[in-house]
Amino acid sequence: MSIATIGWLGTGRMGTAIVNRLLDAERPVMVWNRTPAKTAPLAVRGAEVADSITTLAACDVVYVMVSGPADLEEVVLGEGGLLAGETRPEILVDCSTVSEEASARIRAAADEVGVGFLAAPVCGNPEVIADGQGSFIVSGPLKVFEQVRSDMELVAKTVVHVGEEEQARLVKLAHNLYLGMMLQSLVEVVTLAEKAGTSREAFLEFFNGSALTSPWIRRRSPELAAANWHLTFTNELLRKDFDLGLAAARKLEVPMPATSATYQLIQSAIGNGLRNEDFLSLYEQQARSAGLPEQSDRL
Amino acid sequence: MSIATIGWLGTGRMGTAIVNRLLDAERPVMVWNRTPAKTAPLAVRGAEVADSITTLAACDVVYVMVSGPADLEEVVLGEGGLLAGETRPEILVDCSTVSEEASARIRAAADEVGVGFLAAPVCGNPEVIADGQGSFIVSGPLKVFEQVRSDMELVAKTVVHVGEEEQARLVKLAHNLYLGMMLQSLVEVVTLAEKAGTSREAFLEFFNGSALTSPWIRRRSPELAAANWHLTFTNELLRKDFDLGLAAARKLEVPMPATSATYQLIQSAIGNGLRNEDFLSLYEQQARSAGLPEQSDRL
Amino acid sequence: MSIATIGWLGTGRMGTAIVNRLLDAERPVMVWNRTPAKTAPLAVRGAEVADSITTLAACDVVYVMVSGPADLEEVVLGEGGLLAGETRPEILVDCSTVSEEASARIRAAADEVGVGFLAAPVCGNPEVIADGQGSFIVSGPLKVFEQVRSDMELVAKTVVHVGEEEQARLVKLAHNLYLGMMLQSLVEVVTLAEKAGTSREAFLEFFNGSALTSPWIRRRSPELAAANWHLTFTNELLRKDFDLGLAAARKLEVPMPATSATYQLIQSAIGNGLRNEDFLSLYEQQARSAGLPEQSDRL
Amino acid sequence: MSIATIGWLGTGRMGTAIVNRLLDAERPVMVWNRTPAKTAPLAVRGAEVADSITTLAACDVVYVMVSGPADLEEVVLGEGGLLAGETRPEILVDCSTVSEEASARIRAAADEVGVGFLAAPVCGNPEVIADGQGSFIVSGPLKVFEQVRSDMELVAKTVVHVGEEEQARLVKLAHNLYLGMMLQSLVEVVTLAEKAGTSREAFLEFFNGSALTSPWIRRRSPELAAANWHLTFTNELLRKDFDLGLAAARKLEVPMPATSATYQLIQSAIGNGLRNEDFLSLYEQQARSAGLPEQSDRL
């Protein structure tokens, strides 16, 4: 099967950025959104707007990007949902962030009616997607993946098939576990250098010129140097990903000594009043514990 | 003062790579090496060869890159050393890897005779240097640094002044502490994904497309994916840097919870027989503890 | 109300030991057990044997000690259960090991029919109980507790009221978390002394004479000294209590840095083949990681 | 040889308590102290007072208990010291707290002049010693130990020979490492129970009735329950023992994962302002990190 028509359900900021990349590549896309106004900018650029999910379901493939498992189950399995009617897509791709369990329930329902299902969480924010620097992490039957791969590659630099089942969900969690550890590792060495008399700015300039840095660290270095950050992701949300990731590790019986050391530090930060701060505030906690003087502009 | 003549003491593989970059930029360099034969390739490319350290000492600036503190003290402070005669350079730059204490001793001796001293360890291997991707981490008086900065920038992409005293030594250790933590963090998430059914290769392909990866991880991913690595740096050597880095952290009273969790894992790896393996073998230890089946080509 | 008649449901080894203490004190006890033969030794000593749970339900207070939440719910809430008929005890005391959630469900059902409910897990094995050295950890309304306290004190040395709700369940888990940490702490210092040339036996002789030892450590020191232990509690079972205890800590937002370090070590021990060994085998793991020579009689 | 005369050098509070036990047992003791007035209470009870160290050196065995390695080296090796003259004891026993290195230096000097040397640090405070509940940890030649053992058993409940060399020093450090871990383990489970609604007092009452408690925990439970402690041993002093113990572990290549997790928490407590508090303040740090409300009487 070649994909003649692409459906997209959920045109929030991320969905819009992805559809724009498909339109840039002159692919035919039909969109639907609960709040119809949000589809207007895409319609201007040539996307067809479906009047209902039922109409959208006639596309060869439908991608869904909604805000959580409840919404996902409703638009897929609910009355008038993608799998509820006579007309169904050949392939259903879920790009939302949902648990392995929710993902497995959708897969079972899709299997039952002969629809190929892929779990395909996306890494990157809308700006990153617009630059073509995003990633698709995909799991589900390899044959199904092969059919949508070329479209995904129009959108994102990295498109990887990581397993035949729900593995994509865990891989995304693994990404976030690493993110927390990377930051904790960084703030330990930053405060060490700082207390020895090297400014954070100088240390980060060096670090960002080394083979150890990452694009994420580069991007946030100015904020860390200034001890003045804006909110992207709270300690409480980071803890949630650690909750899920460590629960998966437990189920799989994988010890995670460094991960759990970081997890406990995130929990301490929450207890010490940094719950709703951006997780760069792990620096704040570390600086206090190192006895560094409070910086007035830090919070 | 403008630097008219550059002296270089120690033309091993790293020293040769650095001098080559200076020669590429048509800077006049005089070299000296204990084993004279090693200077030949540089002489062919235009470097002057000094017949003694005393001759080298007449250069405006002399860089030293030797294998440890004993050699450093000998060529600088010993009989016929750089600071022992009537003729001395204006500036002495040490690019060796030595402790803060050894560095401070050299600085005190240089100060006494009015020679400006910079501690300037280098990050990168000879190939990285040849590509211009290396780093100089420099500490010592800012005014002295400003005089050599332009030459260093001919050699390396990153040239950072990190303090007025021995801070460069600690910053280099901080780099290596982070390296160990980065790897331990990676092997935990890799084994987690692996046990869920995602191959290391697929996971690393995804990871290397994300904003979290680093040039170091990219470079070593094929070996980690194949569970088959060559020796670059043993667990025992990595432990040595952790010994020194954690001793500095203790002296400065900086808690290092994630660092010390990794340190103990390196110690366990040594106890469990991985002492002389490349430190990528932290994966091996983690895989065993996760109950993953032994891979015949892994060791 | 004074307690005139005591009912006991569940006369396994622990239940029998407890009822024997009540009989020793000449308290009137009626017993019931699913396998009636198990009540015979108690009948010989003077216990009345109920022909059904319904008969038992006529006692002023009924204690239940069964093997898990499913059994508990059946004998209490199921058809013919303690709370199902017209005749119900004034007070219901559950001495089983069940989760906080199961405990809360029973409490809600008891409250609805006006029966006072106490969660009362017991610490100690049958021998310890027989010696009067056991403990009751009790939670539930204080007024209800006061009515049964004197009976409990006939059975156990320590009888403590730890809260008005399900706290007794968590206190029992906290006990087991401490047990795991105590052992890991001990094996670290034991191997340290051992590698320095002090035999485990000599170290433990010293330790057991100090103010740091505990009755548990004293009891198991001969086995640890001989590196030859019998099975009391596997690493897998210990991990289960850590699972539950750390889940409770997460819910309550209490960081547990030392606890989680031990938890990861238990997980590693399982991955390294010690799943079904007694948890004294944490020594085995530590000895291997310290590079101590394998002892032929150790496993 | 049977010990006819016992010499004791250093009659501070601990030394006095020990000599009193020897006098209670009608053993002949000659004492010397730098500040002579401190020997008076012992003289009243029958001890002979030496006019110089030289006189004391004529005893068959001389015990030394001074405040550190400098004092120890002076009274043993210095001019007029125990080993400096013609007359020397057969056996020298050092009960001070000094490092392995200092201990080894004294041993070498004693060996050279044919004096048997024992390292014999003492556990317990003066009250504990007076009650006969103290411990001697002894290392040195077994034959030498056998000669003094019966005298030591008059003083202390526990007298253990832990090796032929300096092992006694490490065993004492191991004791203190365990002490720190025991407390951190306790404060984690205490705060867990506390946040669930169980008072510290109730939890400790239960805990102290269990097989997990220790005499040390029992003794300090009232202070912990009241969150109001007096100073016995600061976090800074505890950190010093962890410094020494972990340095020994590193030298012996023994990983100490739980120990080092506690060490980092002690360091954090120091950075967070608890440097000079009694180490029971590890509770304070844990309570803050758990978000427990500050208690006005806690500090």
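By letter and in written order, the chains are A, B, C and D; residue numbering begins at 1 in each of them.
Heads up, the rule we're going with is that a residue touches a chain if its C-beta (ideal position, glycine included) is under 8 Å from a C-beta of that chain, and two chains touch if they have at least 3 such contacts.
None of the values given here were measured: they were computed from a predicted structure.
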{"item": "Centroid comparison with chain C (C-alpha atoms), farthest chain", "value": "B"}
{"item": "Chain copies touching (chain A, chain C) - same or different residues, decided at half shared", "value": "same"}
{"item": "Averaged-CA centre spacing for the pair chain C and chain A, given as whole angstrom", "value": "44"}
{"item": "Chain B-chain C separation of Cα centroids, rounded to whole Å", "value": "56"}
{"item": "Geometric centre distance via CA averages, chain B-chain A, whole Å", "value": "36"}
{"item": "Chain B: positions in contact with at least two other chains", "value": "253-257, 261, 265, 267-268, 270-271, 289-291"}
{"item": "Touching residues (chain side chain A, partner chain C) in the complex", "value": "243, 250, 253-257, 260-261, 263-265, 267-268, 270-271"}
{"item": "In the complex with chain A, residue positions of chain D that touch it", "value": "257, 261, 267-268, 270-272, 288-291"}
{"item": "Chain B residues within the chain A interface of the complex", "value": "123-124, 128, 133, 135, 137, 139, 157-158, 160-165, 167, 170-171, 174-175, 177-179, 181-182, 184-186, 188-189, 191-193, 195-199, 202-203, 205-216, 219, 245, 248-249, 252-259, 261-262, 265, 286, 289-291"}
